Each structure stands twice: as C-alpha cells, then as structure tokens.
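Presented sequentially are two complexes of chain A, the first with chain B as partner and the second with chain C.
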Partner chain A sequence: MADIEIEIDGNLVSAKAGEMLIAVTDREGISVPRFCYHKKLSVAANCRMCLVDVEGAPKPQPACSTPINEGMKVHTNNEKVKASQKAVMEFLLINHPLDCPICDQGGECELQDVAMDYGSDVSRFSEGKRVVVDGDIGPLIQTDMTRCIHCTRCVRFGAEIGGIMEMGGTGRGEDLKIEPFLAEGIQSELSGNMIDVCPVGALTSKPFRYELRTWQMNSVSNIARHDLTGSNIVTQTYKGRVKRIVAKDNDSVNETWISDRDRFSYEGLAHENRLLSPQIKVKGEWREVSWDEALEFAMRGLTDKVLNTGEANKLGALASNTATLEEFHLLQKLLREVGSENIDYRLNIKDLENTVTLESNIKLAGLEGVDHVLIIGSNPRLEQPMINHRLRKASLSGASIDVINVMAFDFNYQLNSENIVTPNQIAFMLAEVLKLILQASNAEIPEALSKIEASDTAKQLADRLLDADNSVIILGEHMVNNPQASSIAQLINEIAQQTNSTTLNISATANSMAGDLTEFVPGKKGLDANAMLATGLKAYILLDVYPHFDFHHPAQAIKALSKKDAFVISMNSFKDEAVAQYSDVMLPIASFYETSGSHINIEGKVQSFCASVSAPSDVKPAWKVLKVLADLLQLPGFHFANSMQVTSEISNQGHKQNVSNKKLDIKVKRSVNVIWQKSPYAVDALSRHASALQATKIGQMHSASMNKATAKKLEVAENDNYLGVPVSIRESVANNCVFVNTNKPIRGEL
Partner chain B sequence: MISNQAKKQIDVWVAKYPIGRQSSAVMEALKIVQAENENRLSADIIQAVADYLDMPSIAAQEVATFYENYNHKSVGKHTIRICHNISCMLNGADDLVKYLEKKLGVKTGKVTKNGLVNVKKVECLGACVGAPMFQIGEQYYENLTKQKIDEIVDNLK
Partner chain C sequence: MINNIKKLIKDFSLSELRGGLKITAKELINKKITVQFPEERTPISPRFRGLHALRRYPNGEERCIACKLCEAVCPANAITIESEMRDDGTRRTTQYDIDLFKCIFCGFCEEACPVDAIVETQIFDYAFVDSREGSIIDKAHLLEVGDNNEQMINETKLEDAKYR
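Let's look at the complex of A and B:
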C-alpha cells in the first residue's frame, strides 16, 4: 500500500494507508498506553486505554482499531486525551485489587506502570470489589483471576496462536470470568506465552511463584537448545541461578513466542540429581577427587589403553545432540588429532548405513509463505513447536497441508488429507507419487519405478505438489529408523527437485545441525556409533550421553561400554546409574545456560550465546574440559582462551547433506515396525529433570500405541507392557506399527 | 448425550448457516439439548454440543453462561422469568418479585419443594408496553398485579 502522511502531535509521519494508528505510534516511539492490544494478536479494542484524539472525530478514538488516513491529525497527549485515559484507568482499577506488594507481576506490570502515569492517586470507589475464585489450570500457569482486567489477550492467544481456544470469557458483565473449560486446564505446548501476554498479574509462572521481584534479577540473552529453532530467550538470574525464562523477540526465528519446553526446562538446573564433582573409579569404588586428579586419571587412562600402545583407532567419541557447536568441534578435533575417526552423535539410529540424508533449504520465516506442505513422519506440534507455528500461519493464509504419518496426531490446523500409512509402505507411496510426477513432465521413468501402479491417494498427493507454486516437503523424526529410511529421503529429494519444492529435514533435533557442520561423524577410516559398540573399543569419551534415553538399544550399548577392558570417560551434567556403571571417570559439565557456545538452527543460522550463570560448585563447561584434556595429551592447536575463539576456528561453510545414492528400496514388507520416540518433554536430560514440565499432560505421555490387529499379532492387550511401556490400543495407528512415546528409560530392544 | 431427535433439530439450524460455520447454531443447539435434559445444562452436555458442532468447548461454555435462558442449576417444571429492567422496575417489578418469593416460599433461583416452580429475574423481554411482566414457558403475562399473579400461579400444575 502507498505511503501516506499523517500528523501526530504536530509532527509529520509517513506510514502505510490502512495501518492501525497504534502501529505507527509504536514505530515512531510515541507512547500510547494499552492493555488489550498486542502486535501479534487480532485487535479487540476492549480495554479502551489507547484512546487518542483524532481531529474531526467527536469522541476520542482507540488507536489500536483506528486505521490511518491521508492528512489525519492525531493528538496523543492533549487535555482531552489525558482526561479520557484517566477515566478509563479509573474504571479498570475499580475491580483490580490493590495487592501489588504480594503480586508476582509487581515491577513488570503494565497496569502498574500505566496507573503510575495515568491513574488517579485516590480511588473514589467505595463499593465492594469483585472477587474471583481461582481454579487450578495446570502446573505451569498460576492464576489470580481477581486481578484480571478482561483484556482477552490470553483468549486470543489460544484461539489465534496456540491453535486451540483454551481460555474463554464465561458469564457476563460484572460476573465475566476468564477461565478454561472447567477443570480441563491448559494443555497447549505454547501455553507459557499466555504469561508473557498477560498485562497484569492474573496469569503468572507457577514454578516462579513468590520467588523474586523482577528488579532483583539480571537478564541475560540466551538461546534455547531443545529443538531446531534455537528460540531467542532471556534468562533471568539471581545469585548464580536461573530463576525464570521469558521470550525474546526475533522475527526471523521465534517471533515473540517460545515453547513451554524452552520456557520451563530451566528448573532442571537446580535438580538434586546434578553431577557436582569429578569422580574416578578405583577398584570398583567411586571416589570424589579434584579436577586435576580426575583429568590426570583420564589422560593416563587414554595413554595407557590406546595412545601408547599405538591403538588410537581403538578410541571412540560419542556425543548427544544437545552439545554446543564448540563442544562438538573440540571433541572431534581431539579425536582426529590423536589419530582416531571413531566419532558419532547419531546414537538413536539402528542402521547407520541407511539414514535419512536430506537438506533443509527453506528459512523459518519462509515457511509461512508456502502454499502447499507435505509432511512425512512427524508430529511437528510437539516435536518442533515453533516450526509448527509457522506451518499453522501458512495454513491460515491458505496453504494446503497433506500428511503421511504412521498414526493420527492432533494438528492445530486444517489438514487437506491425513494419510495413515504403515511404515513399510511409506517408501512405496512416495515412489508412486514420484512416478506420477515424472509422468506428468514426460520424463523417463527409472527401472525401479516402472512396475508401480499408482493409487488414488498418490494421485491426489502428486497433483497438489504439481499444482503448487511454492511447496515444501517436510521429513520428520518418525522416519529415522524406518527400514527404508534412505530410500524415503532419496524419493523426497527427487520429488522436491521435480516439483521445485523446498525441503525441510526435521528428523534430527536439538543441535544436530552443529554435529553435521563440525563433522562429528566417522571419517573414512572411522567407525560409526553402532560399529564402535559392536566391535568394542578400548576407550571412549562420552559427551552428555544418557544411555537409556539416547541409544536405540540401551541394553546392548551399556553392555558394550561396560566391558572390562574398556576405559570410559563420561562427561555429564546429571547423574545416571548406567553411566556410573560403565564409566571410569565422570566429569561434571555445565548444562544449558551455564556455558557459552553456539547453536545452529534448521536454517543454518549460527546463534552464539554467553553463559547466563556460572555452573554450580565444581562443574565446568565441557569446552574447557576438552581443551584441558587436549593440553594434557600435549596436542597442538588447543590454545583457546574462550569459546568464541573456538567458534571462529570453525568455518561455517554450511554443511551440505549429500543424498545417498544407495539402491532404491521400495519393496513393501510385512513385519511390524516399532517407532520409538522420547516424549516431548523427555528429549534431553535438562527437560527430564524439570518438575513442572514433567507434571503436565504432555510431560506424562507414556504409551505404546498400536491398533487391534497389531496387538493381536504381538499378543498384547490394553495396558500390558510392551518394551516396558503400557500398551494403548487405538485404531488411529497404521497397521503393523507400534508408536512408542515415552518419558521413561527404554528397556529392551526396539 | 444428545438424542437423535435433538440432533435432527440441530441439523435444521446448522443448515441455515454457510458450510463450515456450523458453530453459529450453538445457541439453538443448546436450547434444544437443554429442553430434553430437564431444562438444564451440565458441563457434559455443553461439551457434547461443542463436539457435535466441532467448536472449542470453552466457546460453547461462553455462550451458555452469557445468556440467562440457559440454566446451570435445577429448575422447576415452570420457570417464572420475571423482568426487572427499567420499565418493569418503575412499574413495581421489585415488589412483585418479593411478593412471588413470599407466596412461593422460595428465593429467586431456588425451586419450590414440590419441584413445580422457580423464579428467575431476567433482563428486558421486549414487552415494556405491558410492564410489569413475566414469562412462563412461551407465554407472556403483562400488566401484572398481585391479584393477577395469584391467579396465574395458583393455576400452574
């Protein structure tokens, strides 16, 4: 739209026709008070706080819902405005309790601030104030609804951003109450944002309740590392402890929202299960020792076992995907320096010869502009909440979304088609789609596809990909252990090329992108994670590995690591029984927000962060531990004074994932396929130790879902245990498929 | 929870709105379902209506709690819906409410012991011309006096 000029408080301002007045004043830095207006939510205009004087209009106009016009003259600060703002303020304060001294919002309260500026110092209201009885709406959000001013930001957040309307206004007039439906409570994976949008102390953080005043804390920017977004956050700290996390605006990454996982996982930092001091195992007994002694012991172990015997190739390094870019880099550098290429972070993959390799070539912000999406093997809402939020935006602006999944999930947007397909048939289905697409462009049909008869479903999927101008194909984490994983990725890549689609690979999460970039994968002469454990090495360095959660076959991994002649150095931030069983040295390392480093998100954006707090007692950042260990081993090239020097050594050439050229396998097999997934709040050690998160419904997810036929085949019934997880029989799961979603250690083979 | 007959009635209302806007029928749907559940709504019923119309349960709850023609507590066989807004009030509605309460021996909002009648104060029913007035079932009774009330109420069965 064309630029027009309007006059605000006597100054000429240019803006786009049709913009709301408040957007213009905000951009120009002119302060207009408001409660219900929020830049990312629809306009409600119900608080009336933003009244301004528009020349020619008989009454003051709400700036949030007044579109601007050429030549408009606005006053934001004259007597008329002041009088109306004062009057509105008086009304808003009629029922608001004067309990600021015991209110958690005190000091960061929009109402308090505005009341200071616009309110009267004496109340003329002598009648009884409204009191609202609070219900428990879940472990994350504390309600004090007597303080509510009915701005409906939380209601609109649920309906517009969260995708499920959870809060609503019941009753009317004096009796209007903002509440969720009965005792259902709030269940959204983004619910914590309601705390951020609430302008008063009605919705506050439950874990943070009565902890501190906001002005007592330091605010430090940081990056959340639980998923592929790398949401920008502010950690608020007090005396070396992270006390609360709030969202930080970054339109190209997380806009102004963060997931509950990013917001509440910090609680785990103060968990009693933290590993706090270096320990070494002497004659089977654990002994707490100084860092010098522990590192000396580790160094001796390595030199005696492998380095001095000329068996550097018997040393292996495994890391979890939550490591920072710098940690990945230093560990692989250390290994390569001593002459070993046994390096891997892909611990949950059954067959590392058959992996999904697919590039992500679309930006996060770009996702909301696509007109068609094909999702394969993912429940993005719980796995990648912020990516799902972008997809929801795309859907709301008209994108059609097709899904090929092994089970029906709860999407918070309209799906064009939801195809529930047996894992063993997904490759075949994609092959059908590819053949149709090749046929449509009269391209040559490869031998492997020649005999395929395409189904109607495939026709519809192909048609929509062909029709779309700007489509994206998303490959999710349920496909990583598919027997035809690499073929699925190849087919997606081919389909994307033929239809000019972009691709998004969300099959590996957290900081996996950094693992790829630093080549934390075996070199030509190296062994991958599975091969290391199968052959049995003589020494291992493990970086934040929790075997029961990280390995696809924990029992086997633990057995291999527990071998008598294997020397195991474990760097962990939390204690773990299995780790204590197989390790010889345990080095306590800093967790999230206690170390500096970098996260690489799905679009390859490197986001570096400083430590928000120092690690407790004797705990050290892993990059420092690795650097000192390298120094002790007298390796060259480890003269780093801080993690930034490490970062600058890593050349960010953007890691290109080469699509495998293995022979296409699209044969449909009849075996039962188990898809195992850690539940959304059990993805890493920190969130597993965050008590409020664990108490939520999502945190409690623990079930092996399958349909009746599969259950019969496996001879299990509802609530029986399958792999130690209670069976839940539902027909929304594809045939021959068990979908395990668990927050507990996995027992047995997957 | 919702009988097939009620579903049929609701579908008539759903058909009046554009496709995909079925939730617009929520008011009528609640009314229909309330009628076959002893004239009251419960959380389960509201949930069932919301599910049937494919809308968030809280949104149905908002409607059900906004309008006073939905009951959330037990009501009598007859509900006397007496207007207490400005015209009726000026014409003595408040006295009539007190009179009704004394006559029936129950406060507004409560049901008589025999389960026959309850009194509910409601907002304007659009019959100011005949103020004071009340409504029983579908029937309006206007220009009320204590005498007239005796006649009407004594004849309720």
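Let's look at the complex of A and C:
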C-alpha cells in the first residue's frame, strides 16, 4: 500500500493508506486512550474512549475505526477532544464500582489510568449502580463482572484467537452481561489470556487472588519450557518467589499470547513436594546431608563402582526432556569425559531402532502463511497450543487442513478432511499418498509401493498436497510409539520432498531440540535408554527423571534401576517415591525459573534466560551440580563461572536428524495399538504440581478411549479399568486403537 | 570608677536577691501551671499524630481490606502487609506491621486509607520493650490499640472533620 501523509496535532506523519488512525498514533507515540481496541483483535469500536477530532468531520471520530486518508488533519488533544474524553469517561464510570481498593487490577488497571489522565475528578451520578452476580467460571479465572465495562475484548479473544467463543454478551443495554455461555465455565487452553486483555479487574487470575499489588513485584523476563514454542513470559516475583506469570510480546514466537500451562504452572514451585535437601542412602535409610557430603558420596560411588574398576562403559546418563541446553551439554560431556557413551533422553520410546526422524524446517511465523496443512497423529491444540494458534491463523486466511489421526479431536478451526485411521494403517495410507504423488510426476515407483491400490481418500490427500504451493506436513506425538514410526517418518519425508512441502516434527516436546543439539543420545559405542536398562549398568546419573511418567515401561525401568549393585545418582526438583526407592543419592535441583539456561524451540531458536528467583533453601541449579561433580571427578574442561560460558561452548550448528533409510514397513497388522499420552497438564513435574491447572477440565483428563469393537475385543466395558485408566467408549476412535490420555502415572506397559 | 561604686552598693544591699525573693513570694500565692505527667496531661490538638491503631466497624469486623495503599504511600517504608483471601472470600491482611522506629508520624497512611482503618491516635507515651523487634507493632497489637481507644479516635476525628 502506498505511503500517504497526514497531519496529527500539526505534525506531518507518513503512514500506509487504509491503516486505522490509532495504529498510526501508537507508532508515533501519541497517546490516545482506549479500552476496546487491542492490536491483535478485530476492531469493535464500542467504548468510544479513543475519540479524536478530524478536521471536516462534524463530530469526533473514534481513532480505532477511522481509516486514514491523504491530507487528513487530526487533533488528539484540543478542547473538543478533551471534552468528549471526559464525557465518555463519565459514562463509563456510571456503572463501574468504586472498589479499586479491593480490586486485584488496582495499580495496573487501564480504567484507573485513563480515568486519572482523562476523566473528571467528581462524579455527578448519584443514582443506583448496576450490580452483576458472579458465577464460578473455573479454577483459573476470577470474575467480578460488576466491574466489566463491556469492551468485549474477552469475547473477541475467544472468538478470534481461542477459537471457541466461551465468553459472550447476553441481554441489552443496562442488562448486557458478559458471561460464559456454558455452565461448565471457561475451559480452553488459552483462557488465561483473557486476564491480560481485560482492561479492568473483571477478569483476574484466581490463584493470584488478593495476594499482591503489581508494584510490589519484580518483573523478570523468562522462557516457558513446557512446549516446543518457548513462549516469552514475564515472571513476577516477590520475596524470592514467582507469584504470577504474564505474557511478553514476541511476534516471532508467541505474539502476545501464552498458553494456560505456561501461565499457571509456576504454582508448582511452591509445592510442599519439592525436594529441598541433598540426601544419601546409608544401609537402606535416607539421611539428609550437606552438599559437600552428598557430592563426595556420589563421587565415591562413581569411582568405586565404575571408574576405578575400568568399567566406565557401565555408567549411564538419562535425562528428561525439560532439562536446559546447558544441563544436557554438561551431563553428556561428563559422561563422554569419563569414557562412556551411554546417554539418552528419549525415555518414552518403546523401540529406539524405530524412531521418528524428521526435520522441522519451517518458522513459527511461517506457519501462518501456508496454504495447506497435513497433520498426522497429533492433537496440536492441547499439545502445542501456540503452534496450533498459528495453524488456526493459517486456516482463517484460507489454508486447507487435512488430518490423519487415530481419534477425532476437538479442533478449533475448519478441517478439510479428518481421517480416523487405525494406527497400524497410517503407514499404508501414507504409502498410498506417496505412490500417487510419484505417479503424478511420472517418477519411478519403488518396489515396496508397486502393489498398492490407492484409495479415494489417499487420492484426495495427494491431490491437495500436489495443488498447494506452500504446504506443511506435521508429525505429532501419537506416532512416536507406532510400530511403523520410522517408516511413517520416512514416507512423510519422501512426500514432502516430492511436493516441496515443509515439515514440522512435533513428536517430542519441551526442550528435546536441545537434547538433539547437544547430542544427548548414545554415541557409536554407547547404549540407548532401553538397552541400558535391559543390560543393567553399574551406575546411573538421572536428571529430573520421574519414572512413572517418563519411561514407557515404568515397572521394568524401576526394576532395572533398583538392582542391588546399581549405584544411582538422582537429580530431581520434586520428591518421588520410585526415585527414593532406587536412588543412592538424591540431589535437589532448581526447577523452571530458578535456574539460568537456554531453551531451543521448534524453529531452532536458542532462547537463553536468567533465573527469576533463586532456588529455595538448599536447592542448587543442575548445571552447577554437574560442574562440581565433574570437578570432584577431576575432569578437565569444566571451569565454568556461569551458565553463559557453558552456552558459548556449545556449537550451534543445528543438529541434523538423519532420516533412516531402513526398509519401509507398510504392512497393515490387526493387533490392538495403545497410544498413551500424558494429559497436557501432566507433561512435566512442574505442571503436575500446579494445583489450579490440575483442577481444570484439561488437567483432569483421565480416560482410555476406544470404540465398541475394540472394547469387545479387549473384553472391557464403559468405566472399566484398562491399564488403570477408566474406559470411555466412543465411536470417534479408530478401530483396534486405545487412546489413553491421563494425568496419572503409567501402570503396566505402553 | 563611678560604675564600680554603683556595683558595690548594689551588691552589698542584696537588691538582686530581694528582687528574686519577691518573684518567689508572688509565685507562692499564684496558681500553679506545672503539669503532673502522667497523672495530668496537656491538651493536644485533635489533629495530633501519635501511635497507630487499626479500627473495626461497630459490628466487630476489621475495617482494613488489605488494599496496601498505606504501605505504598508510606515515605519511611515503615508498613509491611501480607494479604490473602479469607475463607469468606473477602480480602484481608494476614500480617500488618508498622516499624515505629522507621515511622516519621507523617500521617500519610491515615490519609491514604480508603476505609479509615489505619489511624494515628493521641497516644504518644508508649514504650518499646528491650529489643529492636519490640519497636515493630503487629496487627493484633494495632487492633488492640484501636479497640481500647475507639471512643477517643471517634471523638477526635469528628472534631477535626469540620476542618477537612
């Protein structure tokens, strides 16, 4: 669009034709008060606070909905404007209660600020005020709807960003009420953002209620490590504790939004279940000791068991995927220095010979621009909320979205087709698609595909991939333990190459990208996680591992780690019974926001952060513990004064995932497949300890879904226990598939 | 020379002593103005700013709603408040401390309070017991001061109200 010039308060300003006036004044730093306007939401123009004087117009115009045009002359500050601002403010305050002293928004309230700057100091209103009775809308958001000024930001947020219109206006005029449409209240995975957009204290954070004033807290930028986005956040701290988390703008990562998991998981930091002091096991009894003693004990254990006996290859290291880049690096360096390559962070994979190896080669912001998406084996809305948000934006601007899943999920955008396919058939289906694509380009058809007859569904899927100019294929978590996982990845890779599509691998979450980058995977002579536990090593170092949630077969893993002659050093932030059972030393380590480090997000962006608070009592950051342990073992190359020095040692060359070229396995089998997924708020120890999150509907997810036929085959009925999880019979699940989504520990084997 | 003689006469006639005794004699009969503190007290202005008190409503409910405005306005950072939601859903303090060593008795806290909870009373003759901590008075103490002196607080505030 062409640049045009307009005059604001006597100054010439250039802007793009068609822009709204308020966008121009915001860019120029000219203050125009507003309530309903929000840069990421549509324009509603219902609050009238942004009135400005446009020369030639008989009445003041709302800046948020007045497009600019050449030669326009605007005054934002003259008598006419001031009078209208004052009048609008007076009307807004008619029904707004004067309860700032008990309002949590006090001190950070847009209404307070604007009333101070633009309002009048006395009220002429002496009639009765409107009072709204509040309902409980869920464990995350507190409502005080008497304070609502009907700006409809929350309503528009739901409709436009959240994808479900959870809040809405009922009634008219004086009786207009903003309230959730459903009796169950607010349930979406992005709902916390409504707290941020609400300009007044009508929607505030429930776990934070009545605790602190905004001016009492320090704000420290940090990175949320729960998913592959690495959302930018601001942790607000008070007396060394994280008290609230709000979103920080970063257009290339999370825009202005964050997921509820990122916003409310901090509650877990203060949970009573935190591991607070180093402990060693002497004759089967746990004893609290000093750090010196514990580390000495750990060092002795390692030297006696493996290092002095020349059996360094009997030492193994396992880490959870929430470790920071630096922790991954130091632990693998320690192992490699002493001569062991038994290193792994992929604890939940049944068959590590058969893994999903697929590059992600599209930027988060780039997802918005695609015109076709093929999602395979994922429920992105709950797994990766911010990636899903980008997909939703793509969908709204016209992208067609196809899904191949094992169960019908609740998407918050229009799907072109939703194909519910038995896990054992997905590889075959992709093979059909690949064959069609190869045929279309007259390429040679490999032996393995030659006999396939393509179905109509495959034809449609292939056609859309071929037609699209800019498509992306997304591979999700549900395919991780698929018996044909590596073939699926191989097929996707091939399809992507043939159709010029980009790929996005969201099958491993949190900070897994850092695990790959630091090569926290077995070396040539090393054993992988499963092999380590199967052969049984003599010593282990475990970094924030919670066996019941992290291993695919907890019982087996616990048994292997509990072996009499195995010396286990566990570094954890939270207490765990199983950990106490098999460990010989437990070292308390800092959790999220208590340590400095880096997160690598799906597009390979390294985001470093400092500690927002120091860890409680005797808890230490894991990178320091690892450094000191290495020093005690007299290993060279661990002279780090801070975590930044560790970061700079890590070469950032972007780890290449080698796509396997094993023989394709596309045979359709008849066995029942169980897909086990931790519920979205149980993905890591911190979220599992966040009480408000756990109380939400998403946090309570605990069911094994299957269709009637599968239930019959497994001889279970509705509400029976299957693998310790209540059965829920739904026809939306593919045949021969059990989809488990739970916040409880894994019982039995995946 | 002449001055020296004058001085000699003055000294030997004890005139200064007699002048002094005259005042003494006069004061012997005059009305006494000595205030026998603490049995007697000088009058103080209703605007006097002494020891703090936290007040209650007539129904016994504490007034303070933990808005923390007093804490924010206090130029000496003498006030420390912690708050949470009480079981009945209202906003209340769990801790309300005033450090009387830091306090400069400016009265800003009283001015800032939207519900007239924190006030400064006419009491100035309080003592600190032994320790540094003794100079910090807590919520229970402040409420007690309020409870014991509600009538005085009420009267003085009423008296001053017409000038505000």
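Operating definition for what follows: the second predicted complex is superposed on the first by the 749 of 750 C-alpha atoms of A that agree within 3 Å, B and C clash if a C-alpha of one lies under 4 Å from a C-alpha of the other, contacts with A are read in each partner's own complex, and residues count from 1 in each chain.
Definition applied: a residue touches a chain if its C-beta (ideal position, glycine included) is under 8 Å from a C-beta of that chain, and two chains touch if they have at least 3 such contacts.
Since we're looking at a predicted model, the values are computed, not measured.
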Contacts of A:F181 with chain B and chain C, given as first, second, both or neither: first
Contacts of A:I102 with chain B and chain C, given as first, second, both or neither: second
Chain B versus chain C as contact partner of A:E211, first or second or both or neither: second
Contact set on chain B toward chain A in their complex: 43, 47, 56-59, 61-62, 65-66
Residues on chain A engaged by chain C in the complex (per definition of touch): 100-102, 106, 209-213, 215-216
Chain A-touching residues of chain C, taken from the complex the two chains share: 65-69, 72, 83-85, 90-92, 114-115
Complex interface listing, chain A residues touching chain B: 159, 164-172, 180-182, 184
